[in-house]
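Per-chain numbering from 1; labels A, B, C and D assigned in written order.
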Amino acid sequence: MLNVGIIGASGYAGEELMDILLNHPEVRISYLAAKLQENQPITDLFPRFKKRISLICDKEAHLKEVCLKCDLVFLALPHTVSMGLAPGLLSAGKKVIDLSADYRLKDVSLYEAFYRAKHKDKAHIKEAIYGLPELYRNRITSAKLVANPGCYPTVSLLALAPLLAFGLVDPESIIIDAKSGATGAGRKAAMEFFFSEINEDFRAYKVNTHQHMPEINQELSLLADKKIRVAFVPHLLPVNRGILASIYARKSRKGAKPQGRNLVDVYKKFYKNEPFVRIKEEGRFPKLKDVQHTNFCDIGIQDDKDKIIVIACIDNLLKGASGQAVQNMNIMCDFPENTALS
Amino acid sequence: MLNVGIIGASGYAGEELMDILLNHPEVRISYLAAKLQENQPITDLFPRFKKRISLICDKEAHLKEVCLKCDLVFLALPHTVSMGLAPGLLSAGKKVIDLSADYRLKDVSLYEAFYRAKHKDKAHIKEAIYGLPELYRNRITSAKLVANPGCYPTVSLLALAPLLAFGLVDPESIIIDAKSGATGAGRKAAMEFFFSEINEDFRAYKVNTHQHMPEINQELSLLADKKIRVAFVPHLLPVNRGILASIYARKSRKGAKPQGRNLVDVYKKFYKNEPFVRIKEEGRFPKLKDVQHTNFCDIGIQDDKDKIIVIACIDNLLKGASGQAVQNMNIMCDFPENTALS
Amino acid sequence: MLNVGIIGASGYAGEELMDILLNHPEVRISYLAAKLQENQPITDLFPRFKKRISLICDKEAHLKEVCLKCDLVFLALPHTVSMGLAPGLLSAGKKVIDLSADYRLKDVSLYEAFYRAKHKDKAHIKEAIYGLPELYRNRITSAKLVANPGCYPTVSLLALAPLLAFGLVDPESIIIDAKSGATGAGRKAAMEFFFSEINEDFRAYKVNTHQHMPEINQELSLLADKKIRVAFVPHLLPVNRGILASIYARKSRKGAKPQGRNLVDVYKKFYKNEPFVRIKEEGRFPKLKDVQHTNFCDIGIQDDKDKIIVIACIDNLLKGASGQAVQNMNIMCDFPENTALS
Amino acid sequence: MLNVGIIGASGYAGEELMDILLNHPEVRISYLAAKLQENQPITDLFPRFKKRISLICDKEAHLKEVCLKCDLVFLALPHTVSMGLAPGLLSAGKKVIDLSADYRLKDVSLYEAFYRAKHKDKAHIKEAIYGLPELYRNRITSAKLVANPGCYPTVSLLALAPLLAFGLVDPESIIIDAKSGATGAGRKAAMEFFFSEINEDFRAYKVNTHQHMPEINQELSLLADKKIRVAFVPHLLPVNRGILASIYARKSRKGAKPQGRNLVDVYKKFYKNEPFVRIKEEGRFPKLKDVQHTNFCDIGIQDDKDKIIVIACIDNLLKGASGQAVQNMNIMCDFPENTALS
């Protein structure tokens, strides 16, 4: 039995982690903390977990206690907070899966520019493994610190990886038009996320300035082995969960599409052994309902003369956050990769 | 041309007032104030009003300026704030329509218990006219200070008035099961009103303790000429606007239903000359869509052996707030009562 | 391994049954049928089940094949269709759980009046067990044919059972004001269930004429040992799933509330050993989010002078349909009652 | 007083037309028809219009009666139906505004390919004026038959017109990623538009095959004076009304941007005298709430190195259908262009 802790249990990702881990046969949730007025039963925060868990949630994380009680810790915290806790956990020999952005960007200056804060733990950035199993499964196996990918990057990278791996598109031309449900913003108090402001509305936000853009650029550049800068326009959907990204790119002239293969086959082959990626047949495209409450990423592809259109979607709280975090834990701890995830 | 001011222009009621008044041929909006960081064009707050109005909204109300610029002032403020402004406006001879609860309850002790604040302007409570035109039109004509009714009371009173006026139900037995859209709570920062908390959810709240209950009791008691205490259970609907109340009452034994009349006819007669009350035919009931973006109150009635069931609905921002406020203004200023309201 | 079939796999209840049963360690889904144009892979209908199941769904149920492949059959069919299939399955020795209303009402004349059809299998009505485990667990253990309760009756009966068992309320006075998400109506083509007709709307429907009313009356009458006729007003909520019922009743004079006990304690004791009923503490009430995607029924109670107010909720597709059906299967087959349900 | 008729009064566009025209001081609605089981009061279909109109809606259009009663007729009919009615009306000297696609495409073969029907009135295609006032106001003035533009084309053309007029973008590179509320599909019975199928979901549909694509291509080609073929991916939003289009294009090398001007200024100048187009300041983008229930088109522009991003939105039922139709009527009849529209 693996003892795990969740720090940041009161947010959407923390709530979802609990929901998954309570069904995980190899795991016991042994510690919870969140920013609260006072220590309180976690079921006071989430009555829906009554009769499933009866732990007290600490109003702040006590490092010693966490280390005493846990083998592995999920940090489901706002950006800039995780890096204050990870070093202590790592030096105590604990495995850490950080759902924030603190260890995702290898270039500290980009982190500091987009998250508007000094990085306080540069030492661990290099050894942190970017937790996208489809690209980095081998390294995750032995990771001590996993930087769990952002939700937009997860869907964007899975949608684009085959195209860049085979050089099928012009890297200058990539446009990511992404739409996310409201839980993507986290459970934080800002008037703009009020029900009547979002319900029946739809808007673009942070047009080409979103903090997930450098993360996407970093990973695409590694895939393409050249510097890539995408156009990235996120939009806010009036739904609770799910991200759908519509991605456009101009075909590369020199693209080496494996002979005799159409694009759907290229994708199917690329993701052949992946348990959580599903490729749609020609002319079919995924929708949020296909992936909500699952850890799947569904991808549809259209070959349109000079352009390629890829439409992909995930549940932002699962494959885009907590589901992927558990997938990473399963890999790190040698559990079957889909345990508690299907 | 009547010059009007809106104090509290940034809330839902204030926004809706502007929308109505910008279409009112007899009115010019000449002053706006709201709790802001700094004075700013109202179209910065509400881009949807661009090309319709170009006023600067003051970050707080300056009494002198208000009095200089306005003949009539709408107070679209949170409870307990209006009573700090009304006295100054009244003593300067301005007409005031207060959309808050500050002048609705005749019994100060009830106000202080339910709104948890000392009342600072008891002097004006008595002369304030309760602005439900269907019951108090005559008095509104000459009112200086109108206490615009709450949204739940408006729909409840219109639904119950004929039954109590004719003594058709047992006053002890009245149950009001009301459901309101999220704008009913106002534009205020509380985590519980976040999109993902309300969307796809439904809940009862303030069961039998809601601050609109004494207002309903006060007016029903006046109608019945005896002390009435209803059971009142409000619920929060995942829609932007609209209230639907399902009301249950046991038939009175001594009820004097005008001979040869069914209940639908009783209601039709009672509201015969009312421009904004519509009675459904036997077996038909209203829905939110019938009244959204209108100033109507729609009412359906079922005669069920020993019980009477009344289902009524309004748009909480119009007949339940700003529409009714303009209806009151029209009455006070001798404009046709439905000007700008249909 | 129990081989189960689902007939009516294309509806909301059938879809949900699959989702549950695919996680059930003791069960294999071995047959699917639904009203389709042609036989087709079930994942064509529900892409979300890709990589989890790959069965072909028959365009209509073939009795012989069903009997060959299944030990137990779920009928997730529209009312009046199940009774055409159940007799054949039963006479072949199969266990049957019928999610329709065909075997719920003991009084055939009520069935025929409310469902507007002749009953074609009166023979089995008597032996059908009403599948509400909290009331009939013992009989379900050995049942061959379970009539799975309706969604409104499930939540209403669980909310009222303790009050009637102890005679705490006047049976004449019961009012059930219920609100259901749109999946409650099933996946059927009627203009009134279109997105833009329901979204942002709210309405009462079938006021005191809903077909679940006789089912509620039947079971309450058995509990109270006297004929009961409730007032029942269902409403349509603009959410996908969940039912919340607000129930009102006048206290009985002769009510024998177990001494020294408040109502919350009465409920807690009544449901002490129930795995899927949760009682809220004094002053707390449940909301849809607490029970969505779970098999729980959550209940809050208010003791209000002469009245009792009970607010209860369930997920209409789980405790109100497919979850309860699996709970019944678990009981009939001697699996732990909560297998695959938490 | 202009007497107008609405044929197709039961759809969303027809309903919205009534709502607008009932507030139009120069117009009397004198005839209504829709596909119904029987003639019936229009308020039976739309209880929300009670006390505002009391016309009987014919169950089908009678040409003679229409001609007798109306000076101008709105055809708010499904595609392929309008062309059966327009010729009769035109030959009787009536003005016709057709909200369907029947007279929009100058190339009959494209119409027949995309709408899968033979065109039955080729004679009038040529004289029909494409009713986008911002581009064709002069011709609309004297038009007998106006082909009211589609919703997606309206927002796309207004967003792109300045760029193409000045040759600022490479016409090959245009990508229109559009998102529409559910009323865009009309009030028609298809399972895919059911509440629970759309609510909480989001999907792309008709990827690069939507029937509005040739309409967009036709008008853009006229603007650019060369054949243009856009990539057009529409998506279905879980909201009632509104379209937001995010448009991407590569900058043209030879683009003649008027010297010393940034893009926002280019747009502002281009639309200087337009009553219903509003340009956002640099760095600001519009959202659905800004335009819902208005006839405005709001446009935000980003100049992004080698690309231009334009985000534009309209209310699909107003500027995208009925509002624009009334705007066209105002122009044709020499009423102030914004009468009843603000």
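Everything below uses one rule, namely that contacts are C-beta pairs under 8 Å (C-beta built on N, C-alpha and C of every residue); 3 or more make two chains touch, one makes a residue touch a chain.
Given the structure is predicted, the values throughout are model-derived calculations rather than measurements.
The greatest centre-to-centre distance from chain B, using averaged C-alpha positions, is reached by A. Comparing the residue numbers each copy contributes, chain C and chain D share more than half of them at their mutual interface. For the pairs A-B and A-D, the count of C-beta pairs in contact is higher at A-D. The mean-CA centres of chain A and chain C are about 37 angstrom from one another, to the nearest whole unit.
Computed centre separation for the pair chain A/chain B is 46 angstrom, with centres defined by C-alpha atoms. The geometric centre of chain A is 40 Å away from that of chain D, both derived from CA atoms. Shown for chain B are the residues in touch with two or more other chains, namely 197, 200, 238-240, 286, 289, 292. Taken together, the touching pairs cover every possible pairing of the chains.
Residues of chain D touching chain B in their complex: 23, 47-48, 50-52, 200, 275, 278, 280, 284, 286, 289-294, 296, 298, 342. Considering their complex, residues 12, 181-183, 187, 189, 191, 193-200, 238-240 of chain C touch chain D. The touching residues of chain A, when paired with chain D in their complex, are 172-173, 175, 177, 179, 197, 200-205, 207-208, 231, 233, 235, 237-242, 244, 246, 248, 250, 285-289, 292, 302, 304, 306-307, 309, 311.
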